[in-house]
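Chain nomenclature is as follows: A, B, C, D, E and F, assigned in order of appearance, with residue numbering initiated at 1 for each chain independently.
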Amino acid sequence: MEKRIETNKMQMNQLGIVKRGIDRADAAAVAQLAGFGVATIHEAMGRVGLMRPYLKPIYAGAHCCGTAVTVLLQPGDNWMLHVAAEQIAPGDVVVAACTTDNTDGFFGDLLATSFQARGARGLVIDGGVRDIKDLTAMQFPVFAKAVSAKGTVKATLGSVNIEIVCGGAVVHPGDVVIADDDGVVVVPAAMAQQVADAAAAREANEAAKRARLAAGVLGLDMYAMREPLAQLGLRYVD
Amino acid sequence: MEKRIETNKMQMNQLGIVKRGIDRADAAAVAQLAGFGVATIHEAMGRVGLMRPYLKPIYAGAHCCGTAVTVLLQPGDNWMLHVAAEQIAPGDVVVAACTTDNTDGFFGDLLATSFQARGARGLVIDGGVRDIKDLTAMQFPVFAKAVSAKGTVKATLGSVNIEIVCGGAVVHPGDVVIADDDGVVVVPAAMAQQVADAAAAREANEAAKRARLAAGVLGLDMYAMREPLAQLGLRYVD
Amino acid sequence: MEKRIETNKMQMNQLGIVKRGIDRADAAAVAQLAGFGVATIHEAMGRVGLMRPYLKPIYAGAHCCGTAVTVLLQPGDNWMLHVAAEQIAPGDVVVAACTTDNTDGFFGDLLATSFQARGARGLVIDGGVRDIKDLTAMQFPVFAKAVSAKGTVKATLGSVNIEIVCGGAVVHPGDVVIADDDGVVVVPAAMAQQVADAAAAREANEAAKRARLAAGVLGLDMYAMREPLAQLGLRYVD
Amino acid sequence: MEKRIETNKMQMNQLGIVKRGIDRADAAAVAQLAGFGVATIHEAMGRVGLMRPYLKPIYAGAHCCGTAVTVLLQPGDNWMLHVAAEQIAPGDVVVAACTTDNTDGFFGDLLATSFQARGARGLVIDGGVRDIKDLTAMQFPVFAKAVSAKGTVKATLGSVNIEIVCGGAVVHPGDVVIADDDGVVVVPAAMAQQVADAAAAREANEAAKRARLAAGVLGLDMYAMREPLAQLGLRYVD
Amino acid sequence: MEKRIETNKMQMNQLGIVKRGIDRADAAAVAQLAGFGVATIHEAMGRVGLMRPYLKPIYAGAHCCGTAVTVLLQPGDNWMLHVAAEQIAPGDVVVAACTTDNTDGFFGDLLATSFQARGARGLVIDGGVRDIKDLTAMQFPVFAKAVSAKGTVKATLGSVNIEIVCGGAVVHPGDVVIADDDGVVVVPAAMAQQVADAAAAREANEAAKRARLAAGVLGLDMYAMREPLAQLGLRYVD
Amino acid sequence: MEKRIETNKMQMNQLGIVKRGIDRADAAAVAQLAGFGVATIHEAMGRVGLMRPYLKPIYAGAHCCGTAVTVLLQPGDNWMLHVAAEQIAPGDVVVAACTTDNTDGFFGDLLATSFQARGARGLVIDGGVRDIKDLTAMQFPVFAKAVSAKGTVKATLGSVNIEIVCGGAVVHPGDVVIADDDGVVVVPAAMAQQVADAAAAREANEAAKRARLAAGVLGLDMYAMREPLAQLGLRYVD
């Protein structure tokens, strides 16, 4: 009998839990990060933290930046998104994973209305969503694996605000999540300011490069690539 | 020799047939269904009849509702779409499946012109289409598995107005087919009015819910979810 | 209120139903069909009734033939397979579809033990299975979309012995289902004898052809293809 | 030792090479081809030269036509795109393949700025791109397999202006590449004028057909299909 | 300039690192876990920690259990697998992820020989492998996303023994990794004994169930499912 | 009218052609290449000429080496395989591409019997095949994209012995094609001896390496990797 209790306890470590009072990344750093694109932030991070490219915006130009409220869903069941709504603070982005591959429409205009009322800035979901027309009209940014009109039930427990893997990336509650046309990137809460600074440095750097390239300077010359290419054996033939 | 004839007869039960004079769903019910989205109708149906989410609109905002003229195609061959054109009545949606997986461009602006002239409201096709620019300019709604410039031949027989499986769903000629950004759903002709009524009831219901959620009421409270969640063992931790 | 009842009734037409006392295809015809491969039967059918090629045997050489007990599953939930077990008669093959795309491990060695005890000859499932090692040792033939150790819950209702779409093909309870290394084909119960006869005719025919081809006769000559090819414009160049 | 040299020479035939001074298709023919859609040109070519449909425009309406500068990339490495920039002449389209399947973001706004400054009309890439927002704002047409913020390194050699396979089609430097919403097609340089003429003939032909179809004439009659269909055994039933 | 240093430091937190002296799960617990299948352990874990089902054994019956040495690879580059070899202790399983989707053949018979000489029990890799014939002859168990003869370079840095995401699951160095025909599951090092105990309890439990099911008892009765099914509205019809 | 003739001539350049009397690679070189695996030959080629990894053997251990007879198929139509049979000389491998993505079963035991009688050593096909059980019993090696019982018609022209793209690789008639568990590689006819020599050199080299690695020598030392890794900044931490 004790074995069974141990098993249940173990499971309870990850399923059936709602963590309140999470530590969110510094608001000022989040505000700075909101000014950069996903590609720039990913570079500034040292090229880690990017979700896989199958997560796509539901309308062209969708973008958001905020602190993660994480959700672990069961297939065909969106109950935990309702539970998560209560944990949303203004400026949050809900990030939802599923215990298995599933494309059901976990999220639609009613939940979006509720999330927006709570101050959520967007949703990233490793699953399906529906009510695309309404979500687009509301300009509520959603990044999802699929669009599906298939609804879900409310029958099994997942969790809110535990560590999850979404689109192949680890997300902790409170991390900064930035999403745009190029994809979705996660910045660990503790690194938010550092990454914002690095992104700013990078962007400043890029403006100068862009001007030179627009003037016809070749990257081969601007980046001094000709010598290393020749050393590796690149040959020009006519 | 008689065996061979039997075989041919059997095949003829499903290939090489054009059924005329199909029974279409009640026009008034179809008109009512046209006022609802696919997600709402799918719910009103009891969550059956939805096509798989790989069928996508060729332009954002494409939507249509009408009675099905069904087509069974052979791979790389669009002959039966020409045969189907003659069977289109104003208000129909052509629904085309293929005997195997194939992404060729079975349909383009010429067929669309013909279909439109016959009164068709759209096309749902478990295959590829082309002339996207023209189809978009014509605002002829198409829901397809792929876009491909690859043309097709006119060499082998399929059928028109037989039972088909399109996007994983069974479609009979005369069924109501509704398609929008959320996907494609099939309503059996005999259930059209019943589903339209259920959709109307559901939609009325949703408006009230949306208002409460927009005012900040949580789904947890509005749907009385807290107790069943607690009974299943959901724990809040800080 | 009445609307809601109507809706529920409608849903009940397809979900939450177990049909007992189904009409199975003629046993003698099924026995004959068991002697042919899927490709032969599919040809004998006039090339209809084939499931999509993503359904694969879990071990090389798996094959089965029997009458269908159909199951409609919900994602992540295998409850209806337990319900179906009671409806299995000796000689049946269980054919399971899901209301949405899902790869969870709906079926493993315990259910296989139960199915085998009831006389089932195999399982075809548009979803995932697990316990591959045990199922292989039992030589219980399974044709599935995926292998996944992910277990399922028992929380939501589907149906048993209703019309389903599995692997893109329509299956009615009692239809003959034949599965081998080449795929899975469905023979409507009413056509079982006719298809068995046509398959026999075809197979006899093939033996003679095989002998001639093995002796070096070309299909070009055996099938008299040279003239129609030339008429279409085939050119030989050196 | 000599063996090793031979091996290196062999490899050098395809990797580590930049061909300058390529023979581009006739400019007047390219200008004519720019007036036709991909589907029309593909038909005029006799239905060859089309890339697979997984290459998609990064924004609706993107289209381009030009002479190919070809690039062979290594996975996760965009160095050769910088090398290719120098080989671009006004009116070129860069066509990039990769030695293996890879979805990294090989190309973004800086390279686009450089390419545009060199006179490039677009990019076709069997890989990923990023900076979608900027590329859209620049209206620089890109046709790609994926969108990914994942950056690339500059560490390994590929080649520029060798024969490549992109999207399943062979491309030689100097060939004409036309891309629009329907896909991407390659016209061998030597056939450019011939194909342009055939496309013009075809398009003239289509306008007349479109008018008749719009007036309600059926393709069945316009193309005289009724007799061949009847001969193959098409049956009309009521 | 300081900004750049910060950026580099940040990147260095995750790339270019080899952690020595990792804490491996308790050897006795690992030995016990080796006696159970992946499905059993996944259940005993409370259904968490499973990798996605696209990771497949390269030969039927491959299985392994050991402590994780983790590797983060760059696309098309297997240098870090050589670095990882030195960190292998007898009883380890190497678990390799890649910074992006890539199917190159990162691993073949030479590395397998080296890994085996170091005492490795297997490899789990979110990428491609080659030399399948040799690996099968060596009976070195490998679970991979793809098979590809495409070799890799040694040009860019990844890391060894950092936290990685492989097949959608988080893996820390020293965790227990169990892989068989059903998939791959990760047991956090600290939970190894607890999970081994729970798996043992579960397995004992299963033997009794299997015997009853083999004797013809229905799961409906054995699990007392009839009443909850009836309460949810399951109806039997004839 | 002349335009139309030009168009037809152009199409005839690639469709509706059978080239006889092709130049096959040197038989002695082919015999030598047959002794090496695909991965070794791919390396010896300088890592070019590999087909994409979606082409898979239909039974474990299938392998073949021979000179290519190439076939271009139309979707759902295997007529050209019959035409190709006549062009097979002992020692050939048939390599078949399709003008579009299609998974139909183009090839089965009858054609295999014919091919084998003509001396063919195997088939590589960018499409589907069937009769897996028979083909395995015959030990006729086939590498295919899919297995499907779906048969094909004989209605449209493709070509035999023209340049094709199969699995993403260019194949000319007479090239050497080697296929095994690791994939399929193409060696241009003119390079056959050179590649065979390079493969031999490489293999000799590998045996020595394997022995050292088996004795516990690390690749880090054997390949002198420690210094370049340190220079790139690899850090060891405890």
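Here, contacts are C-beta pairs under 8 Å (C-beta built on N, C-alpha and C of every residue); 3 or more make two chains touch, one makes a residue touch a chain.
Note that the structure is predicted; figures quoted are calculated from it, not measured.
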item	value
Other chains in touch with both chain C and chain E	A, F
Chain pair with the higher count of C-beta pairs in contact (B-D, D-F)	B-D
Rounded Å distance, chain D centre to chain E centre (Cα mean)	41
Distance from the mean Cα position of chain B to that of chain A, given in whole angstrom	32
Per-residue overlap in chain F, given as positions that touch at least 2 other chains	12, 47, 53, 60, 99, 101, 103, 148, 150, 156
Interchain contacts, given as pairs of chains that touch	A-B, A-C, A-D, A-E, B-C, B-D, B-F, C-E, C-F, D-E, D-F, E-F
Parts of chain A lying in touch with chain C, wherever the complex brings them together	74-77, 99-104, 148, 150, 153, 155-156
Chain B to chain D touching residues, read off their complex	12, 16-21, 59-60, 79, 82-83, 85-86, 103, 105, 108-111, 113-114, 116-118, 128, 130-133, 136, 146-151, 154, 156-157
List of chain A residues in touch with chain D within their complex	37-39, 42-43, 47, 50, 53, 56, 60-61, 180-183, 185, 206, 209-210, 213-216, 218-220, 223, 225, 229, 232-238
Contact set on chain E toward chain A in their complex	3-4, 6-8, 10-15, 44-48, 52-53, 99, 101, 163, 165, 168-170, 191, 194-195, 197-198, 201-202
